[in-house]
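Chain lettering (A, B, C and D) follows the sequence in which the chains are written, and residue indices restart at 1 in each chain.
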Amino acid sequence: MTEGTTRLETFSDGVFAIAATLLVLEFSVREASGARLGHELLHLWPSYFAYVTSFLTIGIIWINHHYCVATLARCDRVLMFLNLILLLTVGFLPFPTKLVAQYLQQPGEQAAVLAYGATFIVMSIVYNTWWRYASHNRRLIRDDVPDSTVRAISRAFNPGVPMYTVVFLIAFVSPLASVILTFAIAAFYLPSAALFTER
Amino acid sequence: MTEGTTRLETFSDGVFAIAATLLVLEFSVREASGARLGHELLHLWPSYFAYVTSFLTIGIIWINHHYCVATLARCDRVLMFLNLILLLTVGFLPFPTKLVAQYLQQPGEQAAVLAYGATFIVMSIVYNTWWRYASHNRRLIRDDVPDSTVRAISRAFNPGVPMYTVVFLIAFVSPLASVILTFAIAAFYLPSAALFTER
Amino acid sequence: MTEGTTRLETFSDGVFAIAATLLVLEFSVREASGARLGHELLHLWPSYFAYVTSFLTIGIIWINHHYCVATLARCDRVLMFLNLILLLTVGFLPFPTKLVAQYLQQPGEQAAVLAYGATFIVMSIVYNTWWRYASHNRRLIRDDVPDSTVRAISRAFNPGVPMYTVVFLIAFVSPLASVILTFAIAAFYLPSAALFTER
Amino acid sequence: MTEGTTRLETFSDGVFAIAATLLVLEFSVREASGARLGHELLHLWPSYFAYVTSFLTIGIIWINHHYCVATLARCDRVLMFLNLILLLTVGFLPFPTKLVAQYLQQPGEQAAVLAYGATFIVMSIVYNTWWRYASHNRRLIRDDVPDSTVRAISRAFNPGVPMYTVVFLIAFVSPLASVILTFAIAAFYLPSAALFTER
């Protein structure tokens, strides 16, 4: 039932693209910044930083999602459900991104960054579950996909949850370091995610 | 005229995906929450709750919509019109969702939850009419779709309007209970909606 | 070059769906409406009215657009340009819709409704030009499309600009009547637009 | 691997369409403009100007993007990465557009227009890099695409970065002239961009 996986992809792609583009709505400058606008724009760096980090992360999830779905022979009710939960967490990302943009280096930054980190933890748990369910005993995997490919994808999923848990815990010590690490993960993962596209 | 049903699906999918993703814009924290941000984020639970409920409901409508459209041989002017009205109600959902997010457990919660419930009633009346019109005397149904499938879908549509009417009426007694029930309906319907995808 | 017309349709559909769904962002209630929320929601009727009117109008443009594009053999540089201008005006619609929603029956309603009417005039001029250019001497029309079809579409386009000009002028006398007429045009055009889909 | 390029296009088209449509959210009038609304709407001309300029520019990038992708035989990991960075800059455009809309002819206009110009510089650097990478030694170009086509596209890309650098520098002397020039570039490029579609 490849028809089922096409459907899965179209709706998911829509949510990924919209969530990524809605991130821009986090940017705002105080009303009537006037002559100090230039100064204010430079001090928006937490907004730029959070925007790039979240945008790249959604991009990676999108690239990986396509690659994973391409290995599926069909889609069943549980995967459909897990996929909806995944989209629910990706669609939620603009809110914690906005919190980081507004509160980083301000009072309240720890709560903002913890919310950001928690969202990434939940997202990677759901995404891992999504893939484990599809690939367990090759439940939904196409016959012509070699075991080695399935194992390679599973290995790529492994570090997600522990990495974001560390990022979350670091926010208790240094919120800024936590966001930098979230960015570093995206920057590091991007080439390997894009790598999938070449095969 | 399957070309006509493809068209129906593409535009509908776009509106479903955008409406679901716009739900995130309901979230907001008071300006300058500062050090109390963590506290404030925890007290946003009505926002999280309303977000999940509306997102899942749109997801279910989307999954069912695909399944129903797949049974159609063609699309006529009335169905096109009914579909536009359905999209109009789905596209409206972010507003009552925001009302519930802002007013639940606050003064005004009853009006907010009644607006939320009324939206679901209208949505299920329109969606029912959409399906009744398409399936009445197999008006637009494909020849190779068995009667039993048509009847099964009709049966799945039956409880929608009465259920949401009860949910609406409960809001007069307890707004919170009404929202919990709306969530429960989504959670309960989701597996059976996803079930369609397997056939 | 049907590839060219597919491209035209995909991007256009995206803008139509997003513009229609963004209309919901016009709705807002005063902060802390509290116990008077129910009262306030009832007084939002200009918002509901403007939302339905704009949503249906975008829906009609979308349905007609598909039908017109289906008669094209190819797309050239001028049509691509005119189409972009059409999307620019459709993408702008949420702003005057918001003005009508906020100012109808308030001081300033005349300016708001004139802006709304002017947008519809520009939109119908651009859309007419779009179709006249494509159909003039059958410039871009597919060989297998009969002349009678081209003439029927042209006839359907004819009343657009004069009708919206009247609607605009009426706003000088009665802004409310002008908006009611805009809605009536959408409601009246919808079945005939949907009618296209049946052929 | 044309499958890879289809994927590239679908996600890119989504982001282009959404970014263009989100531009409308920049428009706002002061609360309670009341009877002076008409006056205020006329004074919003920097908003209209910025909206049209940004919308047309995104339209041109979209048309060119399709034309360039149509020359590609496949997509590799670096192009996927560069494309994501391109989408990141296009998705960011609504923010500097909003700054220009709010600050042009107001204190702070220079900072706003510099931010606008800088975004276009970054966008054209990324887009140039995207194409140089794909076309260098015909790395990803389809065998049936003649060298002359590749060279023609490269020539069309050449003026981008220097032109937007000049536009940026002009903002130090006259912010208004800088925005007028940005609009002129879009208006001038549009026909030649659309020209691609005819071949």
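Here, a residue touches a chain if its C-beta (ideal position, glycine included) is under 8 Å from a C-beta of that chain, and two chains touch if they have at least 3 such contacts.
Every value quoted in this text rests on a predicted model; they were computed, and no experiment measured them.
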> Taking each chain's centre as the mean of its Cα atoms, which chain lies farthest from subunit B?
Replying inline: D
> At the interface of subunit B with subunit C, does the proportion of residue numbers present on both copies reach over half, so same, or stay under half, so different?
Replying inline: different
>> Taking the mean of the CA coordinates per chain, how far is subunit A from subunit D in Å?
In response: 25
> Hey, how far is the Cα centre of subunit A from the one of subunit C, in Å?
Replying inline: 36
> Residues of subunit B that touch two or more other chains: which are they?
Replying inline: 14, 18, 22, 25
>> Under the definition above, what is the set of subunit C residues touching subunit B in their complex?
In response: 13-14, 16-18, 20-25, 27, 29, 33-38, 41, 51-52, 55-56, 59, 62-63, 66, 190-191, 194-195, 197-198
> Mind pulling up the subunit B residues that touch subunit C in the complex?
Replying inline: 4, 7, 10-11, 14-15, 18-19, 22, 25, 75-78, 80-81, 84, 87-88, 91-95, 99, 103, 106-108, 110-112, 114-115
